[in-house]
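We call the chains A, B and C, going by the order they appear; numbering starts again at 1 in every chain.
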Amino acid sequence: MEFGYSKEHVLLRDLYRKFAETEVKPLAEELDEEERFPVESISKLARFGFMGIPFPKEYGGAGGDYLSYSMAVEELGKVCATTSVIVSAHTSLCAGPIYMFGTEEQKQKYLVPLAKGEKLGAFGLTEPSAGTDSSMQQTTAKLDGDEYVLNGTKVFITNAGYAEIYVIIAMTDKAKGNRGISAFIVEKDTPGFSIGKKERKMGIRGSATCDLIMENCRIPKENLLGKEGQGFKIAMQTLDGGRIGIASQALGIAEGAIEECVKYVMERKQFKKKIGQFQNTQFELADMATKVEATKLLIYKAACEKDAHRPYSHLSAMAKYMAGSTASDVTRRCVQLFGGYGYTRDYPMERMMRDAKITEIYEGTSEVQKMVISSWLGLK
Amino acid sequence: MKIVVCIKQVPDTVEVKIDPKTGTLIRDGVPSIINHDDKTGIEAALTLKEKIGGTVTVVSMGPPQADIALREALAMGCDEAYLVSAREFGGSDTYATSGILAAALDKIGYDVIITGRQAIDGDTAQVGPQIAEKLHLPQVSYVEELVDAGADYVTVKRQFEDGYHIVKVKTPCLLTAIAELAEPRYMSVGGVFEAYTKEIKTIGFEELKDGLELDMIGLKGSPTNVYKSFTKEMKGAGTVLNDLTPEQAVEAIVNKLEEKFII
Amino acid sequence: MSKGIFVVIEQRSGKVQNVGLELIGESTRLKEDLKDEVVAVLLGHEIEGQVDKLFHYGADKVILVDSPYLKEYVTEPYTKAITAIAKEYDPEIMLFGASSIGRDVAPRVASRVKTGLVADTTGLRMAKTEEEYAKEAAMGCEDPTRALLMTRPAFGGNIMATLMCPRTKPQMATVRPGVMKRIAKDTTRTGQLIKFNVDFTDADMNVEILEVVKADKKAVDLTEAKLIVSGGRGIGGAQGFDLIRDVADALGAEVGSSRACVDAGWIEKDRQVGQTGKTVRPDLYMACGISGAIQHVAGMENSELVISINKNDTAPIFEVSDLGIVGDVKVILPKLADAIRKYKAAKANN
């Protein structure tokens, strides 16, 4: 088993880190405070190839692999969880399924501008009554001549409003249950398609999370992604990849928290000593660093298995479960080491703690991940 | 137009530390970077190429580890890369280095050569002008702006401490770049993958020996030699006053200024 | 035998620059050991009026090259003239100011006469000890008693290196402005003026100067300033420089900065003190909210009086300060500006 990074990954890490430190970190506090979507960052991310990392060059991508994509989400996550999830949702949840299941025409029309970062993407699966139980889709799509007519409401959609291309999951044949679900590509300015209320969130407050409302929204039938009835499979495979993205985001948050914390405990003095010289501080951070490193290996393994086209659903579920709980645990403990200052907005620690929580919830809660893992164990 | 940029891989000095016991520089684990002025030069070259067409070639003299610096340059958008490397070249001072690089540039070919003004480890600012001298080229150093360019000339803004010149120079020529000239772009993700599909051509001693003053290269041939290196002595500490009220602090400062006849 | 300590004098708009006088001053000190003459080399157009000044500050001889080709600084005519002088007189030592002119022309001259050049030196002395003689001789130096040891900062000021140029002549260095001291002006001093002719041709003007702009400088160059109040990251932002300017105004001082503030865009680059900025040696250097990274200290440690204010009592700036105040610059500075103004007003009334 190989633990070293390839040369590309070494150079990419350097690029990601510099870009994150210089372009992303300075905005993080403001985006959180003002709940502002970082429109200006998207064009910069696009210019340097961050919006289509794991897709081939002929489709406008960077020609990279999933590992290099996951490292990008991680490095962005270290400094700004908001920016990190924008890239993750765009890449894994929108460009990803079009690359995996799209026709050549769909790839040329939609994947190319997505991968180049000219257009932002989003994914609509969750509904008010179909969260963890995503098979309970209420949104319907009916074929009417050359068009599908979509009706229904999606909730908690990341990048909503700013995205121009949406992959939407809808029921084409209710009688068939999961096998009656299909996936579609919907453009933002399609009549009947609108953006609903924006959520006010605990963390990742700069990321746009809104309802999508479809009222007799007519799209050409060529915009069916895959075949009719393949939608549930498409959604699940999309989430397998997406979970590596979210795990990487969570990993980044935890790493960023540790970096900030190490810096702080070497500055802050109590009882005439730097608090980093107390064994409690040292052991806390040693414990956190160990968990983070184990998490990283699991995530990278999941990414490498995906790159090698081997089964990886269980690994991405494990990675996301572990990374989410690690991020929450590490940020909480870092706030504790910061003490009162950690609870204030003068330091980024409280923001990181708020941001971390969502990684245990979205793209499948930790409980969903445990369902996937136990089912892989044969427990049904 | 064939634009050639000379770059140097240097330790990231912000992170350089002194071993408190031996007083020597700890270079282990210190990351290496492309020297900042040189990176500015790369950006200027890429901008020049975008403006008037041509190719950007990047050249570095150094050990094989300089490979990553050249890859980074390729990932920023340079077209081809050369590594000038040989045991015989080690320990060269600026005179020797410029002789070797000039011989390499002679082989590679050029219309415009861009170097950074100076490297952050040596801070000499001599290699650029000395390459120009060896190649009998006009030079403009301290370039802070690219004003205009055409098929056979470039016009630049040359910085002085008390103003600037706008200088037009016919190609072939050499320019040295300062930080004000350009903000270096990032590598692109796609560029990184492309960089590793390209070959970095190595130029060694054998390829260059006919074009070199053989007694003027390497540690032995360099006209200047290091007599010794030492850690800088810090000025002795004076009084540090803690726990003063702002008023007491102000009084202490004013008293000191008065004592030293500043006010 | 090579002889003479040659100083290439920098002039701008026909005026001799300080660094040239500093180098003459330093050369008179080297002369005590070398027992040789100090020769100032002055190049320009219609600049003979500046010659006496060079004698007044210690030159024994002045070599003057006066030509319209030297009106504005252009690399090739200057290189050609200095090289011709070096070849004609075979100097033992040749010094240049480490300015944007000196550092442009000196490398070309060194390369053309095939000798070494040490950049941006801050210390010069003749070899004196047996150990130094032995090392010079071992490296091929024929007369180690005439060997120059040149000291300069390297690796961002973390390390000082002393270099030698044992086998080739002249022993050449560029010297950082503001470091060496000129000697007291003596208007009775005089010396020998040599007018040196160089055959310039139009081909020497190998670049075309389209425009010459002298910057409209409102502020005094930091290297010339007597008093400097400098701000660092601890002042909190661009608006923190308003406090710095206020104190500077009360004192009649110039404003300086650490690199962090320049990088953050709080103040212009020409205010930066330190390894990558300017080296200053004012009578007063007041460091406000500057931690004192080694790169900064490299540029201000020769100041006569250093007063620093910093929140952090372990800040390294205190190690090079004559007076250190642990406290908040944002609170102290406004009060200090008031106190200085009051003090001055009271003094004026007495």
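Operating definition for what follows: a contact is a pair of C-beta atoms (placed from the backbone, for glycine too) under 8 Å apart; a residue touches a chain by one contact, two chains touch by 3 or more.
Keep in mind that what you see is a predicted model, and the values were worked out from it rather than measured.
Using mean Cα coordinates as chain centres, the one most removed from chain A is C.
The busiest chain interface, judged by C-beta pairs in contact, is B-C. Innermost chain of the displayed assembly, by C-alpha centre distance to the whole-protein C-alpha centre, is B. For the pair chain A and chain B, the distance between C-alpha centroids works out to 40 Å.
Distance from the chain B centre to the chain C centre is 21 Å, each centre being the mean of its Cα atoms. Centroids of chain A and chain C (each the mean of its C-alpha atoms) stand 55 Å apart. Chain B makes touch with chain A in their complex at residues 68, 71-72, 75, 185-196. Those residues of chain B that touch chain C in the shared complex are 11, 13-14, 16, 18, 25, 93-95, 98, 118, 120-130, 132-134, 138-142, 155, 159-170, 173, 179-180, 216, 222-232, 234-235, 237-244, 246-247, 249-254, 256-258, 260, 262-263. Contact residues of chain A toward chain B in the complex are 7-8, 10-12, 14-15, 18-19, 47-50, 53, 57, 61-64, 68, 72. Those residues of chain C lying in contact with chain B across their complex are 12, 72-73, 75-76, 79, 99-101, 103-108, 110-112, 114-120, 132, 135, 139, 149, 152-168, 206-215, 217, 221, 227, 251, 269, 275-276, 283-284, 294-295, 297-298, 301, 304-307, 309, 313, 318-328, 331-332, 335-336, 339-340, 343-344, 347.
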